[in-house]
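First the structure, in the form of structure tokens, and then the observations on it.
A, B, C and D label the chains in the order they appear, each numbered from 1.
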Amino acid sequence: MSKKQYAFYPGCSSQKGASASNFLTSIGVMCEKLDIQLNEIPDWNCCGASIGYGEGGELPRLVLSARNLALAERELPGQEMVSVCPACWLSSRETVDRLHESESLLAETNEALKEAGLTLKNEVKQRHMVEVLIEDIGWEGMKKPVVKPLEGLKFAGYVGCQTNRPFGIAGESFENPQYLDKMVEMVGAEPVKYDQKVTCCGGALAFSEPDKSQAQIRQIVESAYDHGADMIVTPCQLCQANVEIYQSEINKKKGTKFNMPVVYYSQLMTVAYGGDAKQAGLDGQLIRAEQLEKIASKK
Amino acid sequence: MTAPIATNQTILVVGGGISGMTAALEAAECGKQVLLVEKTPTLGGRTAQLYRYFPKMCHPTCGMEINLKRIRGNPNLRTMTMTQVVAVSGSRGDYKVTLKVSPRYVNENCTACGKCGEAVSAEVADAYNYGLSKVRAAYLPHVMAYPQRYVIDASIVGTPEGEKAKAACPVNAVDLDMKEETIEINVGAVVWATGWRPFDANKIQPYGYDRIANVITSVEFERLADPHGPTGGKLLRPSDGNPAKNVAFIQCAGSRDENYLRHCSRICCMASLKQTQYVREAWGDAGKSTIYYIDIRAIDRFEDFYANVWKDSTVSFVKSKVARIAENEANGNPVLHGVDTEGYHRYATEHDLVVLAVGMEPEVTGVKLPADIVMDSSNFIEGSKDGGMFGAGAASSPLDVNRAVQSATAASLKAIQVIHKNASTEAA
Amino acid sequence: MADIKYAAYICSGCGIGDKLDVDALEKVATKEGKMAVVKSHPFLCSTEGVDLIKNDIANDGVTHVMIAACSRRAKAEAFTFPDNAVSRANLREGVIWVVAEGSEHDEVRQEMAEDYIRMGCAEIKKMTQPAGNPNKAQSKRIMVVGGGMSGMTAALAAADAGYEVVLIEKTAKLGGFASNLLKRVPFNAPYAEAQPTGVEELASKVSGHAKIKVHLNSTLSETAGAPGRFIAKIAQESGAIAEETVGAIVQATGFTPYDINKLTELGGGQANVVDQAGLEALAKAANSGAIKRADGKEVKSVVFVQCAGQRGSGGNGNGQHLEYCSGHCCATSIKQATYFKDANPDVDTIVMYLDLRVPGMGEDFYRSAQEKGVIFTKAKVNGVSGGLSGEMSCKVNFKDLILDEEATVDADLVVLATGQVANAGVNLDEWTATVTAAESGDAAAVQRKSELQKISVLNLNYRQGPDVPQFKYGFADSHFICFPYETRRTGIYAAGPARRPMDMFQAMEDATGAAMKAIQAVENATHGRAAHPRAWDLSFPKARLEGCTQCKRCTVECPFGAIDEDERRFPLFNEERCRRCGTCMGACPVRVISFENYSCDTVGMQIKAVNVPDEFEEKPRVLILACENDAYPALDMAGIQRLTYSAFVRAIPVRCLGSANTIWITDALNQGYDGVMMMGCKKGDDYQCHFVKGSEMAYYRMSKIDDTLKQLGLEPERVQTHEVAITDNARVARMIDEYVAQLTELGPSPMKGFG
Amino acid sequence: MTATYKNDFLKEVEANVEDGQWVKMCMQCGVCAGSCPLGPHWQHSPQKIFMMIRAGKREEVLTSDSMWMCTSCYNCIVRCPRKLPITHIMHGLANYAHRLGLAPKGQPTREIAKLFWDNIVKTGRVNELKFSLAMYFKDGFGQGVKNAMAMQGIGLGLMKAKRLNPMEMLGGHTCKDKGGIHKMIAKAREIEDRRKGLSGH
């Protein structure tokens, strides 16, 4: 069967050797199994991320995203643009909306884009990888390739903020989204019911306000433990990084004994689809997801 | 059944709640021919499900008794229950209306002796108590039900349970072969008194109505307080049946919110102020009520009621739209998170029970009305372009009972004007 | 009274036949009840059963029907025979459903049923089927008092329904308060912009309407008569008196803005502090240009103070002005704020509120003002100063309740949102006091009385005073939530801000509703029927004046001012004003007042008909007199819910506890009843009584009965008065059992056997 | 300082702050204040800031560090009953205060935001290593070393996990058309400053 084609916007953190490179590895394998072809947008640039506003302001920030949109329009005509990073998706989608709302803003944007030899018609539809999976592949389609159900594993589905708000996945609640738990069930594991599903991890303030964001992270990990989770699963790079990386910090400061692996949905799927630990990017875990590795290594 | 005689001198009133009953009665007592149709098995509407009225703290069934007596005694007024309007054609003074009559499976013979109810064991959710309790599948909708006639729930028709009910009836009132019927009638004017429904609290996700047992709606709280309600009038919370002594009332639950209802539902402030007095009635000084509000809208002399509740030591007010409700998993208490905006004070407060003062939305939201009907942005009925159909009561605007009756009385006269025009043009 | 024939029909359906000995009941009806025809039927409410009765009426000359079956509240349609008097003995809800199961109760259950048969038979013998008021009134014209938005709307509404209208306006032109407005708050979607008032269009429609006769520069110097035959004397500018005969009256006399000069703490009386009416004048003068102050200075900054002198201390009041909220002021200030913004977006426009009250779609109007840049601040205004000399701007001192700090803002103009004061005429309590004082020769009172007559709107020549009774804060409102138009003067309906504080939209709707009630009143009056709550009742009070002692109790106690005095100082009944509650009947010490189907006898004979066992049988008897609207339904519903109570009680429904005559109590006690329970509605400020004072009167009369009891050597416990709500099903059953237990303690009545 | 309750500052905000025209639409319900994860650390909640703007408290607003506490969780946006884009307004206020030089000196988020922006504009993509190091050393060399040592474990961990590449010191990820990007951003900044009447710096 012919593969589904998408203009792919990987985003900075997913690049080789970057903080979420292992995410991209698993995404690649997952898409392979699901006949999804991702065509990387040539020479894409950073979206400005959530913290870009401080220095960047409005138009420069919009223009950054606009450049990616323009490139996609020109280089991969007719293809919808897919991001795996909530920040990338959010910035792009917000840019699309804002430029649709305001003629003058679009004009100003094009004035700036001209400097980079680009123009934007603003015709590219923005998708999040999760939307592609649910809406284009469908639950049945996602289930089909499962060969190694992750039986006996308990996951705390941690959706976080930006995949969920302000846009969110169609039909999901901002306060209590279900899709991540459904994905966990789909790969044969058990989602735990806990109350920090959409709690903010502190986002970019992890750097500038470590104590405040670590307090958030502590809540999340604690609740995951309290409700019997073996691991946390998330669709978000920043969530993954913050919640995984700072556990040791929190242990140091607060005397906790956190050691909870934090993985991506794509890693679960890769393993369930029969991929090995490396393909699932499990070698990229700071806190090793041994139970997953075990299943992955099973022949 | 045979179609009731109706002509272009007949006024059709749609909806048998307090507004519909009023509109119908006022016209009928002027000697006009009126047909009152009601979707459910009994007249009374939402007011029959209230425990007390503000500001007098009197009982809605008191006025209902009078209205039912007026209805029983008036030959100009005919009522049809379990009947819905499915189509309206024609124009001012001459409408063709299609009615759909659902089977009640009980005919006019019924004496409400209750034998069928004793005979069946199947139970269904009790709509009268908003599903907070169950009722036998052969039931009288409530003690004041009019017509005073039982209903066989469709779910037991064609089952042994249904047959039991039939066998038990001493007067051959149970007719399990009843079918849905469609009736065409001709009327001169139509009053839409289709009323309101409580906004679906599940949609207000931050308040976790769908996840937290001890978060309920204001209409459900009315049933808890009512002696005819699921708890026999005791304020017990759903999760564990423990006394609900420390109760939070959250205003604008759905209302004044562009994510849900744009409009203010008017009644909710007074309803919550009233309900704080249920808490006092139940627990005296041991009760505690907290009202979380944006603006307290106690209009005209209702201000007196507000002023008195304000003085009540068991009631406190927080000017805040609650941000979210979490659940204390240890004791099932809802925990309210938010900020008191008068001076910026953050709170995380536990209560035994949370009552969402849910907004009013028109019952016709999502229902296909005649093209001629003019509605506002919240689907409240302003009237019809041809001036022959009128909104009345809560169908026309979010109104308290007193205002609804006022509105219905006015609508009744507007309908009479249409009939009058017909009569005089025919005379000419 | 040509050949009367009494017939009793006993239903054995619904389990009556299983629980009771119906043959025995038939015997009672025949032997003791002396019914000419006695029949029983297994399913009396069926077509067949009803036909049986109809047939006896048609072919067997039956004139009076006693039906022993279910409660009078059940199957009413089936058991209605328009030309025949009907009494109902309640064997179902009243006996078999409430007397405990089990054969040990068979005897008392049967006794109870037999007594109800006796009572039904006794009652029907004293009933005649009412034929309606013979001297029917004639006029179907509607008089509207007041030519403002409410009055004009009412007039047009009635006229368009085919009724002739007489409209009285005291000023030289139609329009009222609304003519002073530049625009009105929007009435319909999208609720974004103020709309034209439409007052001129309405005025021209009214003055051009063939069925409407307008009297300008006119007031009412006297209103006499009753619904269907009011005679209005209309004092005109010329001094001439015009006379109009009308059938009903809509009082739409509007409101007056609260006197701003009383609000000195908020700068009232100072040059650049105006009320909302004042602002409308400035806005009109500006005619969509920049709004200028009285001194001609263009307004660059304006502050609106909400609830000025309203909501007691709850709003921006200091507790010395109006207690209530006038409802419309928030939306009105929003509208006025947009006057400024529409003329010049740069005008600093602040609305200071405590609770912004824009219910319903008003929320959209609020939004639209915010979009225009109107600033809303939750603030308690402590004072307004300055603005005295033209140039000086005002200083508004306030506490910003959000920022939680005291602040001051300068403004060229301050607008105080003051309240509505009703133009509802004379307060009848003051009137009565004044008249009493005047009659005792108090000169000041005499003076005050003539002042009051000038204030009066209607100048009714009713014995109880010249205007409609006011409910609260001077508004002529109804006390009933379900029945907003129930003023205590039949055929006279208040509408608009005279009834209750309200905005223009509500006032116009209100006026249409009031017109509806007026039309209904003339229809009822001209058909000789009662108005709400005993709508279409054809009975009406008759008095045997030869027995009257002129004690005046009936004239004083009638809740509806229906009874005047004739020149011989006898009570003069105005049937069209009467609501058929029977309070007069209850009041009459010599029992000369009665209705055809409800009288001292219809109830008295029932009491006497009960078989009172002697003291040795240990079967106490308790008489229950229950209000037919609340207490009796509660007893009924106790039955429907199969709650049980003692079989020793005998319940009689009464139209209103106010109609209960003390003779009934003394008769019952003389006859050996062990106790009497009177069950009526809530009294006091939040009274429930649909006849206003009925239960109040009953309590009052019973408080006086103790002496009588002493004379009879009886304990006061033997007569009890209770407030019973319609929801008290369970409570009423409990009350009965507790009382019967208490009486058993007390022992049998010493009167037994003397009766 | 007492509030003037004049519209000047509101108008300034509407003209210069991203989505500033929404500020007047707030009805002071406070749901945003209660929804913010870092709420307890806000000196003024968003709804209160809106009120302060209406009250003309220019300095108190622009010098406040409250808006710098925004984690961009968007809770406020999705819950606001008036649909105010609160997150964007907070970002806009922060940026405006920053551009005016009124934002608190040394406010960590403010500084890191600048570092981050410079970092991405340089090559068009984030250089995580340089960004982290820049962060550690933002408070001078001594503090930098301490910070770096403190985070050393994590750093090494990330490198082991191939999620931090030491090679990034030399170039690292970059867009081909750096020049175009620089010109583009400069142009955008120029246009925005023109619109806001600010002089670029």
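One rule holds for everything that comes next: a residue touches a chain if its C-beta (ideal position, glycine included) is under 8 Å from a C-beta of that chain, and two chains touch if they have at least 3 such contacts.
Remember, predicted model here, so these are calculated numbers, not experimental data.
Asks: Quick one: which chains contact chain A and chain C both?
Replies: B, D
Asks: Count the C-beta contact pairs for C-D and for A-B, then tell me which is higher.
Replies: Taking the two pairs in turn, the one with more contacts turns out to be C-D.
Asks: Looking at CA centres, what chain is most distant from chain B?
Replies: When every chain centre is compared against chain B, the largest gap points to D.
Asks: Going by C-alpha centres, which chain would you call the most central?
Replies: B
Asks: Roughly how far is chain C from chain D, going centre to centre by Cα mean, in whole Å?
Replies: Each chain's C-alpha centroid was found; their separation is 64 Å.
Asks: Averaging only over C-alpha atoms, locate the centres of chain B and chain D and give their separation in whole Å.
Replies: Distance between chain centres, rounded to whole Å: 50 Å.
Asks: Which whole number of Å gives the spacing of the CA centres of chain B and chain C?
Replies: For chain B versus chain C, the centre distance works out to 24 Å.
Asks: Considering chain B alone, which of its residues make contact with at least two other chains?
Replies: As it turns out, chain B has residues touching two or more other chains at 206, 256, 319, 324, 341, 344.
Asks: Counting only residues that touch at least 2 other chains, which ones in chain C make the list?
Replies: 356, 378, 402, in rising order.
Asks: Mark out which residues of chain A touch at least two other chains, giving numbers and ranges.
Replies: Chain A, residues with two or more chain partners: 174.
Asks: What chain pairs are in touch here?
Replies: Inter-chain contacts occur between A-B, A-D, B-C, B-D, C-D.
Asks: Quick one: in the complex, what on chain D touches chain A?
Replies: By the definition above, chain D touches chain A via 18, 37-38, 41, 68-69, 71-75, 77-79, 87, 91-92, 94-95, 98-99, 108-114, 116-118, 120, 124-126, 128, 135, 153-154, 157-158, 161-165, 167-168, 173, 175-177, 180-181, 183-189, 191-192, 195.
Asks: Could you list, by residue number, the parts of chain B that touch chain C in their complex?
Replies: It is residues 18, 25-26, 29-31, 51, 53, 56-67, 69-70, 72-74, 109, 111-114, 140, 143-144, 148, 170-171, 226-228, 256, 262-266, 295-304, 306-307, 310, 319, 341-344, 375-378, 380, 382, 397-399, 401-403, 405-407, 409-410, 412-414, 416-417, 420, 423-424 of chain B that touch chain C.
Asks: Can you check the complex and tell me which residues of chain A touch chain D?
Replies: Per the touch definition, chain A meets chain D at residues 12-13, 15-22, 43-46, 48-60, 62-64, 67, 108-109, 111-118, 161-162, 165-166, 168, 174, 199-200, 202-205, 207-209, 212-213, 216, 245, 248-249, 283-286.
Asks: Which stretch or stretches of chain A touch chain B in the complex?
Replies: Answer in residue numbers: 173-176, 195.
Asks: Using the touch rule from the top, collect the residues of chain D that touch chain C in their complex.
Replies: 2-7, 10, 24-25, 27-28, 47-48, 51-52, 54-55, 82
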